[in-house]
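What follows is a structure written as structure tokens; I'll ask about it next.
Note that the chains take the letters A, B and C in the order they are written out, and that residue 1 is the start of every chain.
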Amino acid sequence: MAVWLSDDHRMIQATVREFAARELLPIAADLDHTARFPAEVITKAAALGLLGLTIPEAYGGSGLDHVAYVVAHEELARACAGFQTIVTVHTSLVCEPILRWGTDEQKRRYLPDLVSGRRLGCYCLTEPAAGSDAMSLTTTATFRGGAWFLSGTKIFVTSGVEADLCVVYARSDAATGARGISAFLVEKSFPGIKVGKVEKKLGIKCSSTAELILNQCRVPAENLLAARGAGGRVALAALDGGRIGIAAQALGIARACLEEATVYARQRAQFGQPIANFQAVQWGLADMATRLDAARLLTYRAAVLRSADQPCAREAAMAKLFASETAMWAAHRAVQIFGGYGYLQEYPVERYFRDAKITEIYEGTSEIQRMVISRHLLAAP
Amino acid sequence: MAGVLVIAAAPEGALSRSSLELVGGARVLDAALGGGVAAGLLGGAGAPGAAVETLHRHGVPVVYRVHHPALGVGQSDALLTAALAVCEQAQPALVLVAGDTVGREVAPRLAYRLGAGLLTDCVALGADGGAVVAKRQAYGGRAVATHVVRRRPAVLSVKPRSLDAAEPAPIAGRVVDVAVTIESAALPTRVKQVQAEKAELGLEDAQIVVGGGRGLGGPGGFTLLQDLAVALGAAIGSSRPPADAGWVPISWQIGQTGKTIRPALYVAVGISGATQHVAGMAGSRTIVAINRDPEAPIFGVAHLGIVGDYREVVPALIAKVRELKGR
Amino acid sequence: MDIIVCLKQVVDPELPLREFVIDPATHRQVRAGRPLVLSTYDENALEVALQLKDRSGAKVTALTLAPQATIGDAVRLALAMGADEAVIVDDPRSPDLPGAAKARILAAAIRRIGRYDLILCGCESADWVERVVAPLLAEELGAACVTFVSRVESPDGALVVRRQSEDGFHLIEARLPAVLSITSDETNRPRLPKVKDIVAAKRKPLQAWPAADLAVAAGDTTADGVEVRDVAAPEHTARCEMLRGEPAEQVALLAERLRGLKLL
């Protein structure tokens, strides 16, 4: 992989790997068992510049490209997938849309705080009846007396509990589908927004997943993000970057599976020899490594396009689709290689198995990714 | 004199164990190279009489004695001045210095000022033809370098606990008092305070030692190791990472920059065995390593190895030890 | 305050044993093709310097003696961590030079840099482990010297440092300029660079001076007349008996072996 990475990328990779080894690896199992939000590690990550990797230095960010983002996020996810979820949503689904669509005033007001970790961001799109069919959302936004009033229920909000700044998508106009949706920057302190149910999940447990209930939540007019009715475009553009982040997450999980399974296979002896001598195990590891490298290259490709501000919806979808399915497959294989021990909480692979599953679902299910890819393939010339 | 001069720092009057190790080394070299053995006894407090006697009793005929209040514990600059004064008088061919806290500051500077050759942290001394042949550890203990020192004079610092202490060999001796002028206030460095940490179960003298490393994951892992140490009647130490991270006191550290141990049994738990830890314990007679990673370098120096998770292996071992000891 | 930190690049000491090969011609470790990192304790020395910079605004210069072609990420890492500028003394012989010769060249470079109150080194290098550079640098420069310093207690006014000893520590007051060799401590764990500083480090001043251009003092060093005859893996490489099976079985086997050795 070294040939694909610049000196900067390599040094950043080494630094984030060391950060993850010091701050995340020792506590990852505990974070999963207790479902504790790693606030102190978020603070340290922010101090290193990990909460605004792709945001320009003018706003306090690190000003790096998306390959650096992928490299850094793979390292974070390798150590703790849940922690990486928090950071990728914050960066790709909150900071980047503000950077791309925000007014100077909005950028000035929110980006420095987000990048420094003073504020944590969350993304509110999904509703009980609007998942894959996100553009059918029904949360309303009514303009009245110089302000917007938002009402509705958002679910599956990552960092819903801890976040201060929410990007909320609501229907502001009668038009159905994407065209009637607007995006809003909603601070938790605005009247009329509260955290509802906090979900218990299969994996990525240290990342909170909550319901946010808006009841005539008053949002100042200047907090409309992008043009009225442009919300659909904002949401989908955000997901392109977000999918690259999830692909990076899947890379980290898959690598964790490969590394742990390799160590275990050398150590575990049955029938008088290390199980690493058995072809079934060897082939499992070979396939894990091959698919992981393939997933990485797909992800780097999407990242390169994104860094150049080129359209990358198709490439991001391919990367997310392939990487997530690789992670789930690798985790399944890894648990099998560990055998009985793989089923125990004392060993990390059962956590990877549980963490991997979400990568096939959020920020667009694998089915949606296939839809995106096939639409590109079949689009009229 | 043209023989071997041992620098023996005795800040509180008593002769240290490492001084006797140096005497042993000096006598080996003298047997091969000739020229005689002498010692420079440098002290500030306490009566040096007993130390002089001990030196004579271990085969050192000439003791150059420097007694000055500035020669307290850790006073490297004063010791350097005193050592230079002794060398000026004794004109040795070889100077042996202990590679301890002070020695490692003094030896190179002594060599520089004498215009002498220098070899530091020797772990073995011998001769070949008219040259000194010495061994030292390199690459964090992964290799042993053999050096040939032809130059005279030459200063050799010796790693404490590497050489055997001299056997008694009483000899008629004499003392040469060497005067030295040291203006304490004018010294570039001065010791303001000497702080000794609470002595832990004599790590360096224990016959059985249990060591914990980064693989224990945190200070909590050492609790389990304490139980093992108690069951075995062992002292407990660590490799560098736990000490650096503050999981255990620095005085527990075994390694090139920590303590050197040579117990009959050393049990390394969760220690990778890379770099400088091995240098501090490779002299152990039997080394047992317990580590999750079968590729861990520790298995290259251990005699008995268990690849496994310490959280399973150590409790089982504690139970077994207790069973065998009838508890 | 002006601080110079002497940094050495070494082959990563954590490389697997099979990568550790001695070149019989040079009696040194084969470096080609192996990743180079900052020598372990040099990172601690750099951290101490940077803490002094944070506390009292010192200027930190990173100084490395190495063939310029082999300068990897190490110098850039030092700049990314916070060093203000870097000087590389380019000398193709340097990886295999003895410590005494290096100290002499470094002293010449330090004199050319001109301003220095403190010179920090690692207490020993991770490869050749001579522990001589700091004391010999002090002699070359006529500076005070304290080795195995774990902490700088008070950089203002008089310099007071904590030197590690066999059974604790000594507090030493030293005159400036001083050469300190630094050992690791829980207070000097090397910081991680901020990600944007990794990129920004490329813009910090970095000078390369050919060693031949320095006014290196003539005459023998303490390394003259001392030759390396051989470097080999230690004779006592034991063949490790691996005890296999479940933990209960492994432990039973171990107990049996230890009993046989009269250790239990």
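Note that in this section contacts are C-beta pairs under 8 Å (C-beta built on N, C-alpha and C of every residue); 3 or more make two chains touch, one makes a residue touch a chain.
From a predicted model like this one, the values you see are computed outputs, not experimental measurements.
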Chain at maximum distance from chain C, centres defined as averaged CA atoms: A
Two chains sharing the most contacts, counting C-beta pairs only: B-C
For chain B paired with chain C, centre-to-centre distance based on mean C-alpha positions, whole Å: 21
Interchain centroid distance [CA atoms averaged], chain A/chain B, Å: 54
Computed distance of Cα centres, chain C from chain A, in Å: 40
Shared-contact residues (touching 2 or more other chains) in chain B: 294-295, 307-309
Complex contacts: residues of chain B adjacent to chain A: 217-218, 292-295, 307-309, 311
Residues of chain A that touch chain C when the two form their complex: 7-8, 10-12, 14-16, 18-19, 22, 47-50, 53, 57, 61-64, 68, 72, 269
Complex contact set, residues of chain B against chain C: 73-74, 76-77, 100-101, 104-105, 107-109, 111-113, 115-121, 133, 136-151, 154-155, 188-197, 199, 208, 232, 240, 243-246, 250-251, 256-257, 259, 264-265, 272, 274-276, 282, 286-289, 294-295, 297, 299-309, 312-313, 316-317, 319-321, 324-325
Contacting residues of chain C [partner chain B, same complex]: 13-14, 16-17, 20, 22, 27, 29, 40-41, 100, 123-124, 126-132, 135-136, 138-139, 143-148, 150, 160, 163-175, 178, 183-186, 189, 220, 222-238, 240-243, 247-248, 250-252, 254-255, 257-259, 261, 263-264
Chain A-touching residues of chain C, taken from the complex the two chains share: 73, 76-77, 80, 192-196, 198-199, 244-245
